[in-house]
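Read from first to last, the chains carry the letters A, B, C, D and E; within each, the first residue is number 1.
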Amino acid sequence: MIVYLVRRVGQSLFAIVAMAILVFVGVYAIGNPVDILINPEASQAEIAATTARLGLDKPLWEQFLVFAGNALQGDLGDSFVYGRPAVEIILDRLPATMELAFFALILSVGIGVPLGVIAGLKPDGIAGKSIMAGSILGFSLPNFWQGMILILVFAVLLGWLPAGGRGETVDVLGIRVSFLTWDGLRHLILPAINLALFKMSLIIRLARANTREVMLLDYVKFARAKGLSHRRVVMVHILKNIMIPVVTIIGLELGSMVAFAVVTETVFAWPGMGKLLIDSINLLDRPLIVAYLMMTVGIIVTINLVVDVCYSLLDPRVRLSEAKG
Amino acid sequence: DTLTVGLKSEPTAMDPQFHNLATNTQVLLNIFQGLTRQDAVQKIEPSLATEWEAVDDTTWRFTLRDGVKFHNGSDFTARDVIYTYCRVPLVQNSPSSYTIFTGGFADVTAEDDHTVIIKTAAKNPLLPVELSNLPIVSADALGAEETVTYAPGGECTGMGTVPQSGDFNDPKIAAGTGPYKLEEFTRGTQLTLARNEDYWGDKPDWESVVLRPITSNGPRVAALLAGDVMVIESPPIQDVERIEGAGFTIVDALSNRIIYLAMRQDTDDAPSIEGAEGNPLRDAKVREAISLAVNRDAIAERIMGGYAKPAGELLPPPMFGTSGRAVDGYDPNKAKELLADAGYPDGFSITLGTPNDRYINDEQVAQAVAQMLTRIGIKTSVDAVTASQFFSRRNNLEFPIYLAGWGASSGEMSSPLKSLVATYDKDAGMGVTNAGRYSNPDMDETLKEAMATIDDEKRAELLAEAETMVLDDYGIIPLHYEQTVWALAPGLTYEPRVDQYTLAYEVKKAE
Amino acid sequence: MTPIVEIDGVSKRFVTELDLAESTAKLLGARVEAQTVHAVDDVSLAIAPGEVVGLVGESGCGKSTLGRMVVGLLNPSDGAVRYRGKTYGELKGEAQRKARLKVQMVFQDPMSSLNPRLRVAELIGEAPRVHGIVPRREVKDYVADLLERVGLDPTTARRYPHQFSGGQRARIGIARALGVNPEVIVCDESVAALDVSIQAQILNLFMRLRADLGLTYLFISHDLGVVEHISDRIAVMYLGRIVELGEAEDVIRRPNHPYTQALVAEIPTLGTEKRTFAAIKGEIPSPLHPPPGCHFHPRCPHAFDRCRVERPALKDVGGRLSACHLNDDARRAA
Amino acid sequence: MSDAADPFVAGLEPEVAKPLSVQSPFARGVRDFFEDRLAIIGLVLFVAIAAVAIAAPWIVPQNPYDLAQLDIMDGGQPPGSESFMTGGTYWLGTDLQGRDMLSAIAYGLRISLLVAFVSLGCAITIGVVLGVAAAYFGGRVESVIMRVVDLQLSFPAILIALILLALFGRGIDKVIIALVIVQWAYYARTVRSSAMVERRKDYIDAARVLGLSHRRIMFRHLLPNCLPPLIVVATVQIAQAIALEATLSFLGVGVPITEPSLGLLIANGYDYLLSGRYWISVFPGVALVSTIIAINLVGDRLRDLLNPRLQR
Amino acid sequence: MTLLTVENLQTHFFTRDGVAKAVDGVSFTLERGEILGLVGESGSGKSVTGFSILGLVDEPGRVVGGRIVFDGTDLVAEPSAIEGLRGKRIAMIFQDPMMTLNPVLRIDTQMVETVLAHEKVSRKAALARARETLTAVGISSPDERLKSYPHQFSGGMRQRVAIAIALLHEPDLIIADEPTTALDVTIQAQILSEVQRLAADRGMSLIWITHDLAVVSALADRIAVMYAGRIVETGPTAGVIGAPHHPYTRGLIASVPHGKRHGEPLSQIDGMTPALTRLPEGCKFRPRCPRADAACTVEPPLAELSPARTVRCVHPHLSEKAAA
């Protein structure tokens, strides 16, 4: 576990440094944030003053060193736009994104795994075939297009669910969550479905392929030879085995869900950090972009860690060979 | 009863002195007020000051309104005004500081509790207009000392510890005099306002107001249609028909924003021009040809869905300083002739720069313009980029011709002239946005004279004169004035505003 | 006679070294260790030209590893493998290549040792062509010739491996090895995967080729019955070490080492009587943590104290080598 | 055993001479492929789409990017309406610029497929070389390559692409570069993991014993056997690449408006969806989705065929 | 007393390449307490025969004909009857010990669930039974072992666990499908001795499937030899090994190297095992048979040539002793 941790953290540090440099160079290349931030009526002198205040007049490497120095002390800088610590701004938005991602994850696993197993058990049946056909659709429709259609159908045409935004929230342990209120839940459903569909298809396929594979294995046949009921064979012997790859995928995909939330949040005006990223990119709010990346990497690392713990709970073989990371 | 409004952008802070940005202003005007304010057509009217006069060229006297209370219960006095103007340079990290308004204040003093004297360093006829942009904060709520004295450059005394923008999320600090009080600000989600029952003016219709940023157009419209919000600003114009069809009310008004084409005129080797010797755009005939080639009516009708007005000036008449000049007609044949006259019978190739997420249908308009220019022989390709890149690239003079817009926050002609066409001059702060580098010394003279003329009538005349000089020269080509649209749930009314602000307290229940 | 292949005190250790992350973790107190597998431990064996040496032992005892070192697929950690007196490392360039081609290998799994995407003609003909053993034009005939030699119809040259049965695939593998004119062939479990009836065919083929071409074999198998039949000498391995080495018939008739004795007892015999099975108790220890002293002592019925601490040397015991302390023991020596 | 004349001569079995069809694994795969109706539909659909994309300049009525051929007076026409300019029919309607949607879709397909396939080609090349090398040589080479791959994969593709493009600016070339950067690692990982399996198989050792060169073994022996999973991943990835490009364009950081891909067409039309001018967005969407579905159908079939564990 | 009668069993696989008649007319009987050795080359249908009895033939295979009568119940006619028998009265042990135990479940789970599948007893009682059985198959410290996962066991131990699972319900019949081929010689001997002891102690019937004649000859009471989906010869071990009637059996016995002079050519059966979808007409062994002639083009019946010996051959070796 420690090996794994060290490796992960090392990798992430590298990723973060690389990304930070990239963002620095990139934002520098795109243009001067002051050009968009400042009131157009401002004079050249005022523009220069603002530029100096944000530290943008210094050479790039110097800016980077200053940033790196502060970052080492845990200060990722103040947002150009909000004038407050970037981390604080992101933390404001974090719960919304995490809530969305988790909800989507639960949807995709809760629906994906059973469907996948059904399709895997009867690959040639009507149910199996239609599940697969459906999953191809889920797989093929680009995220934003799905979102668009969902809004069009459920919010505009049918009017069942709100079209966007986050509903009423309640404070739980100081974190704002919306799924506990009826209004919040209604707002959550469409974006969560949107975010979940792709992963759900992925999980369906994964579960199906693995079910088919596991079914052919001797130990499943042996379980049947032992006289176990079909139910027990499927629910225990097959399910537990296919959960191993599913959990791995969940680890990888929860991370990408957090990232893909960028699209969903844009389409559904969900006030999460993905939306914030897009806005920050548009405003060249460099500290926010860098902080977002660092925090996302942090989240992904954490998720992967949690997943690996689950993984070793599921797969005893991993526990023994953990020395190999 | 609660009013919910879908805004197209979110304020970046609750501090009215943090970010000089329309998005912030229109929201914060519910809570904070300036000494003056602009009405729906940007005419200045009294707000916290009941009257004012220019004592001499650089001295102004403002009489403050009696009996006004801040949301925290303290009385509004001259001290608050001085504190407010003092605080401007002390706001940290401001991405766009209000010092552009207060920088010219030489002194601010209180004659008595309800009279304020402002001395400016230079002549500034626009002072009352600019003060409308400077909402007054409560000296008490922000922890000022008993007496506050003004000194330029943030050297005031008696300021106490100055709260910063983040502190304004606390309603106790964000106490203004406006019709609404801040209740809660959840970044990214919503802003809740409660009616100020002690408001000095007309009580607004709504007990509380919820402002929700829905930055994407589609969801914003959908939210209106689905009944999640009651008012939205700037519905995409192509959706207006549908919204109206669904029984919603549409209100619209000409805005102070002009969409224009600017052309590079200072150099012979402008980038991205091919098939021509030198820079054809330096020739006024070519510029005239471009203006004549554009079918403004078609753009207004087809691309803007009727929600735009072909423009012949830099501000829609009859706003301050306009001349009533006619719109250039569409005449492709004459345009071709002019091109040939100028020595370009076969035209040339050029790249038209445009932002793609800044103005209404900006990219579409640019493409239509390109289409039309191509038709007269100027093969035009469109380089559309996001605003963040566009402005930097434009300011780096990367475009030989570009499409952009200008909204005159002061509501008068000096604003576009000073920024867009005055000769670029860093030290004088002139021509900041003049990325075509048009230069006309005569015009500059006239403009300068106008800007130092306190007398409104005289100033208006001078401004019109200066504008005509530029337009006769085709130094800049106005395309159209944007029209701002609001969509409201049935039973609501809103007086459309030239400045494009959505002011919640102005949304009324229809009789 | 000078040996054609000489295995001289060869050891092979597989070490999984710690990478950067693992070392860091170790500094932080994690229990990670570099792991060492002593796959082959100080083995010496000389093979005379034309000889067949059988190598038996249980799974994981290092037979394949030894075979791989002989053909040069692996480099010994210690000791040296010499072909005609020289290690591959001592030879340079062309000479080295030539020497290596002289020692070929036939693999266990007839399917996985044939590239499934190549036709038989290419499988067999590629190396001779690349090495210029036959001119490009004659490759076809050369392949046909080889196929015939191993008892396959030359018309099958255009087929793919999956279109053959197991026995035929084994023949293709043999033909491929023969293609580069080897002198020594290492047969690693070459008949283990085959049915009895087919196994006999292939064993016969091996014997015929030896007679025809004067080949030398290192014949690796876990089946003492097969090894006994084909080999001149037999080496018995246990956990990386050779425990007994001698003339084939001699070893089978009078096994010296307790392990060999157990193996011999299990040689499949076709009896008409039911028989009661009796076996050495215990499991084969892991080469990761071999027992000290004699590797066999935990399972040995005769083990005594010395076996637990001292590694028995391979000693001459009546015309053959055996590594067992019992040979020194007065009780046995008598 | 008097029956066998010469016990040394192994029989040339008569039934083996009986022709088992001499099919290459490839030919057999092709035959098997066509046994699935859905896969055939997918393939036909894809070929048709690719044909339209390739032949676009010659078969569509209008060059939608020649501004001289457009007229905003024809803008926003519904499907089936007539052109003011030419009198032709706009079968799928026009966008606001008066651009024939049918032509725009064909050109958009061209760009979408171009972007996807060029990036696929580059990414595969890079991924395959690095993946095979990692698996074949092992050791330091491998750990360096795989660390980079891990790094890359631990970062969501969309995020990398988004940041890269936000920084590079728009442009087909830039989109391709971004896609290559986010995709190569998938191929490297896939190739490496199957190469690791193949690497351990005896035929690689056999090739080494036969003295063949490293390059020959890597690319002639190892690589071809790693192709099946690679092909499967490639079909998945190409569908993803098309979708990703569309998404990026939708987010406003993809291809430039002068060369719109399907994604950009959809994004441009998105604003008109609610207004009833559905055709500007819906038809490109249908084209995009059909393309991706077609590729996925084919990929699905390949996956089933090429998965050795499910072969009977 | 006859425990199991298999009559003319036919199990076919309907593959893309045609119908593979993996089992095509297999008949044999098994007495209580008897050990039957089922031998044959790879692919001759031994495993499929075993699976057919247990009703575990997977798609695309199907039992298409014949009778399997277990203790009076015809399992082909009444397919549901097997549900109650499987694991309780008929148990099976598989070839590869690495694959038969579910890697993600602990040994106790896998054993207890087997007990509970057929008996309503408490978990504790089931666990006690598991412990007992593990001890019986020679696993020391069973308590500790029960809490382990399969990967913590060596191959031989896993196979013993599998045997223990098969023994849990003291079945009447155990079908052992090559349970020792994947093991090392010394370990194989351990398992064989274990099985032999248990079968004798408990009076169970055993079908021992293998391709290794030597093992069977030492273990089984009777031997059935399969070739290409058919039984070609059955009889008591001594008879079949000592005096094989069928040419194929003879060939098999002759090709075992043991007992031959060193280096002497082995006698071999020429040719290859035919593909099931492409079987020759008549006697399936005909193409490889040294005795084959025109008469062999008609499928010979399984005939009882001498008491308790049946052979499927037109030209059986009757009088000769086994070659050796």
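Throughout what follows, contacts are C-beta pairs under 8 Å (C-beta built on N, C-alpha and C of every residue); 3 or more make two chains touch, one makes a residue touch a chain.
None of these values were measured; they are calculated from a predicted model.
A.B. asks: Hop across touching chains from chain C and tell me the fewest hops that reach chain D.
C.D. replies: 1
A.B. asks: What's the chain with its C-alpha centre farthest out from chain E?
C.D. replies: Result for max centroid distance from chain E is chain B.
A.B. asks: So the centre of each chain is just the mean of its C-alpha atoms; given that, what is the distance between chain B and chain E in Å?
C.D. replies: Those two chain centres are 90 Å apart.
A.B. asks: Please tell me the distance, in whole Å, between the geometric centres of chain C and chain E computed from their C-alpha atoms.
C.D. replies: 32
A.B. asks: For chain A and chain C, let me know how many angstrom lie between their CA-based centres, rounded off.
C.D. replies: 53
A.B. asks: By residue number and range, which residues of chain C touch two or more other chains?
C.D. replies: Each of 165, 168, 201, 204, 207-208 in chain C touches at least two other chains.
A.B. asks: Which residues of chain B are in contact with two or more other chains?
C.D. replies: Expected reply: 218, 222, 225, 357, 386, 389.
A.B. asks: Can you list the residues of chain A that touch 2 or more other chains?
C.D. replies: Those would be 30, 148, 156, 216, 266, 281.
A.B. asks: Quick check: in the complex, which residue numbers of chain D touch chain A?
C.D. replies: 38, 147, 150-151, 153-159, 162-164, 166-169, 239, 243, 246-247, 250-251, 253, 263, 266-267, 270, 273-274, 281, 285, 288-289, 292-293, 296-297, 300, 303, 307, 309-310
A.B. asks: Where on chain D does chain C make contact in their complex?
C.D. replies: Interface residues on the chain D side: 7-12, 16-17, 20, 22-25, 143, 201-203, 205-212, 216, 221, 224-225.
A.B. asks: So in the complex, which bits of chain A are touching chain D?
C.D. replies: Residues 8, 11-12, 14-15, 19, 22-23, 25-27, 29-30, 132-133, 136-137, 139-145, 148, 152, 156, 209, 212-213, 216, 252, 255-256, 258-260, 262-263, 266, 277-278, 281, 289, 293, 296-297, 300-301, 304 of chain A touch chain D in their complex.
A.B. asks: Inside the complex, what are the residues of chain C that reach chain E?
C.D. replies: Interface residues on chain C, with respect to chain E: 58-59, 165-168, 195-201, 203-204, 207-208, 222-226, 228-230, 248-249, 262-263, 265-281, 283-284, 299.
A.B. asks: Could you list, by residue number, the parts of chain A that touch chain C in their complex?
C.D. replies: 1-3, 5-7, 10, 323-325
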